[in-house]
């Protein structure tokens, strides 16, 4: 598994609730069965806890390095999505968090996997 | 009819609810009236039951082979959509499941057929 | 007016509720004032009544012929939309039905007309 | 101001509620400060009152002429949007009505102004 | 920080509620860590208080100059979004207001930050 | 066949060579075999002879009426393209002229037919 | 191999040179190694010999049936392209002819194969 | 006619040949027959004479004002294109110059008019 | 460097000249300076020597494996392009061959590198 | 002016001729008249001299820093294009080189400026 200790955070800069979205278009891991590379896009959306509540945001460069850590790992679409979700929830303790992975496809089938943590607002679900 | 016993499954990797979407862009069957080939896109969306609940996910290669089994079959748009929905519900026993088929058209008319099983969240309906 | 007796139906193939959408991209009628041709796209969406409830679906080729019957008719955008809606409701007795016509425009203005019958789900309204 | 008496109407052709949308892609007025031309797209959406209720629809050519009447007028984005909305509400007495103006921009900023009259359905808001 | 006193306002021209959206496609600031330029798009949406309520709208040219004031400032994505939101709320005292910033990306990751003030209608959230 | 005497012309306004392109997006005729409507886009490009040379240009409204004259005619793609080309060459006596018809397709095949008269410059060929 | 005797022709309707293009978007054959279906788009472009020269054009429905004949055949991209080219050249004896096949891809690689017969004009090459 | 004396120029900044392209997306004039507004896009491309040769370039704001001068003028597509070409050639005495006007269309037909002055390189023709 | 001995070939299936294009959308290597991953698209175009001339084509799966061999290699854009070009020329001895690599970019700059071997036809250059 | 001594180079890695293209999508300078920021895209294309000929390529990060050096400079579109061209020619002594700048526009007019050095192949001109 990728090493979640790579993830760095900084304090939420405000008490106003707001939403952060980071779309990583260059994600790659390996198929655990065949060893062939998989290529996907990873979307992270979350609402940090407020400054008053000790909330934190993920530092962008550390997020990039964390994602790169999956490069040589053999892992299924479903598992990598849930793993990233769990690691980021542990690192950020957010109000809510959402991970969507989009895979270019194998055998003529392309796939999206969506994992939600906490009370994701309905306008972000299914997108 | 296609043979649903081709479908293989694997255990849901987590107890967190999440959503899986597989879009097969190269589906073909035959018109039961004229025998001419039909070409469509088949979208499968579902939420597997949780690991604790004995949930299962569909294995991607078996899904591809199951779809290929319709290649020489004569079957209407409406019937193939409901048949795929019923077979996958039987194989996966999911929390909910949705099948959308999109057909390139005959006689200047293109068609979408949408079948839902269980309590499909509203943000997935009509898309 | 076009002849609704052209419309043929077949029994709904299942008791599961599902939704059918047919988009006719090559519709033409005439402006009743000037006689000039109008060109539009006609979207039909409906949920047939279930098989148990004696529901029926529209046969695709007959729908095409019914639409072609408007070719030489002089009729306003608003009227043709409501006429198609009424004819299809009479022919299909559906759970709900929706007609949207989109017109390329006259005088720099393009137009959409939307007519709903019955309880069209909110996720189909306004699209 | 443009002359709303240009607007002609015709009786709603049905008692069924339906929605009309006219998108005028070639609207121009002038900036009241600089006198420079502004170019925008004006979207009108409304539900006419029913035939039984004495409802009326706007005649398309008169709408075009009414819009052309703004060509040499100096008027702010916000004001022209509300003026069109008020004139059309007065002319049509609709169930509800919505005006959206989209402006190509000045100084690297493009703008949309949205005005609603009556109970505009939620699926039309914010689009 | 940018100087919010640059922002000029004018009185809301009507008592009818309406919504204003200004999309600035040419926003640039600097990364506070590396000093490298960041490029983004800033979307402002708000409903001004009514004329009767003493509401005001932001003057477009002053908004442009206010945005240009960030050009040489070192500031994080999250902070600039919340700063713009706070300054505009202070200047306009709107019914509600929303700021969305979209950044072209660093290290293969592009980002959106969304901040809401007051009761932003659900149809504007998550867009 | 459509009546080429509908076509009106006006004198070329200059001695400088220039090129005129009219794209008619709403062309319809009928298949001579099945009688079903065909829908296409007709592109006309030509260089009129110069004013000094007694050149003429086609009047736009008469071109539209000439095209509408094919509406109920049964004619093959190849034949209608060559017929339009011949009629316009006869009416305009141009330096060169090009007709391209694009058809939405039958049986999953869409078609373009291209006919050239005179010395069409190479940069217009094959487009 | 597909049966080229399915191909029907009709006499070229004119002595003027012109170009015909048919794009078949729903072509499928099988990989000769794995037996898995391949999906492609087949573009045919040709200039028929003139009427005076006894030229012929391919009849569209027979072309469709000829293409369908590859449905269950195991054949490589390169071979199917050259086979279609040779069969159509034999059937039509054209001035020139071009076949381009575009394949959706296997293993993350999509492919185009282009075969020319005779003196294909330069503006059609490489497109 | 528009007043070409509005056009201002500045000296070509270099002796190296280079090409300038200005695309005005908000051009409007009036149809000389009906008086209705026309809306188009005007593309100007030219190579200024070199600095050593006393070459000049058009100043952008004066070009904008010159174009605005056509706003209330009744003038045909073909004539306005040739008029702009002639005025700019007179003002700039360029190595070569090209004007392309694109019109949104009347009666379902959209039009492009292209006028060239001097030896326009082949790679700019027909675009 | 990647191992070119992975590349397998098969005999050209015809004596007719034709062109093969393979676009690999999921190529990744590493920056030799920073070690960070680079992501690109690799386009291979070539004309194989004829069957009579002992020509060969590259087998698609072996091409994929050859490309994957660069995954952990540190190599510049320019070098990887020329390396792939040289390896494929050595393996195929083609009539001509072209490699284009497109890179998503670093620091806001995206790059294309194009290498040609032999007499690449002009219509393929610069695309 | 920007400081060309920022530009670093590295030796051309091969004797085979090849072409390098770098597209900088985040370029900004200032209008020398008004001081307002301009935003553009800068495309650099060149063929380096060969290794044997002592050719050099521009290092990507130094190119980025060189472009950033224009950020606070007041300079016309035409001048900045020719300045970048001259600086890169001096730094690289290439076989040929091309600079294209694309500007989002002022007053409804967007602009492209193209400067060529040496014998730029025709397939790159005008793009």
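We just call them A, B, C, D, E, F, G, H, I and J in the order they show up, numbering each chain from 1.
Going forward, a contact is a pair of C-beta atoms (placed from the backbone, for glycine too) under 8 Å apart; a residue touches a chain by one contact, two chains touch by 3 or more.
Keep in mind that this is a model prediction, so the values were computed, not measured.
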- Touch-network distance, chain B to chain G, counted in steps: 1
- Given the pairs B-G, E-I or F-H, which one repeats the contacts seen at A-E for over half of the pairs? F-H
- Message: On a CA-centroid basis, which chain has its centre farthest from chain A's?
- Response: F
- Using the average of all C-alpha atoms in each chain as its centre, how far is it in Å between chain A and chain I? 33
- Taking each chain's centre as the mean of its CA atoms, how far is chain D from chain F in angstrom? 37
- Note on the structure: Where chain D touches two or more other chains at once, the residues are 25-26, 36, 39, 104, 107-108, 122, 127
- Message: Following the definition at the start, I'd like every touching pair of chains, please.
- Response: A-B, A-E, A-G, A-I, B-C, B-F, B-G, C-D, C-F, C-H, D-E, D-H, D-J, E-I, E-J, F-G, F-H, G-I, H-J, I-J
- Message: Quick check on the complex: what are the chain I residues that touch chain J?
- Response: 76, 78-79, 81-82, 85-86, 105-117, 122, 125-127
- Touching residues (chain side chain E, partner chain D) in the complex: 12-14, 16-26, 57, 60-61, 63-64, 121-124, 127
- Task: Report the residues of chain B in contact with chain F in the complex, numbered from low to high.
- Result: 36, 39, 104, 107-108
- Query: For chain B, which residues are in contact with chain G within the complex?
  - Reply: 25-26, 28, 36-37, 39, 68, 71-72, 104
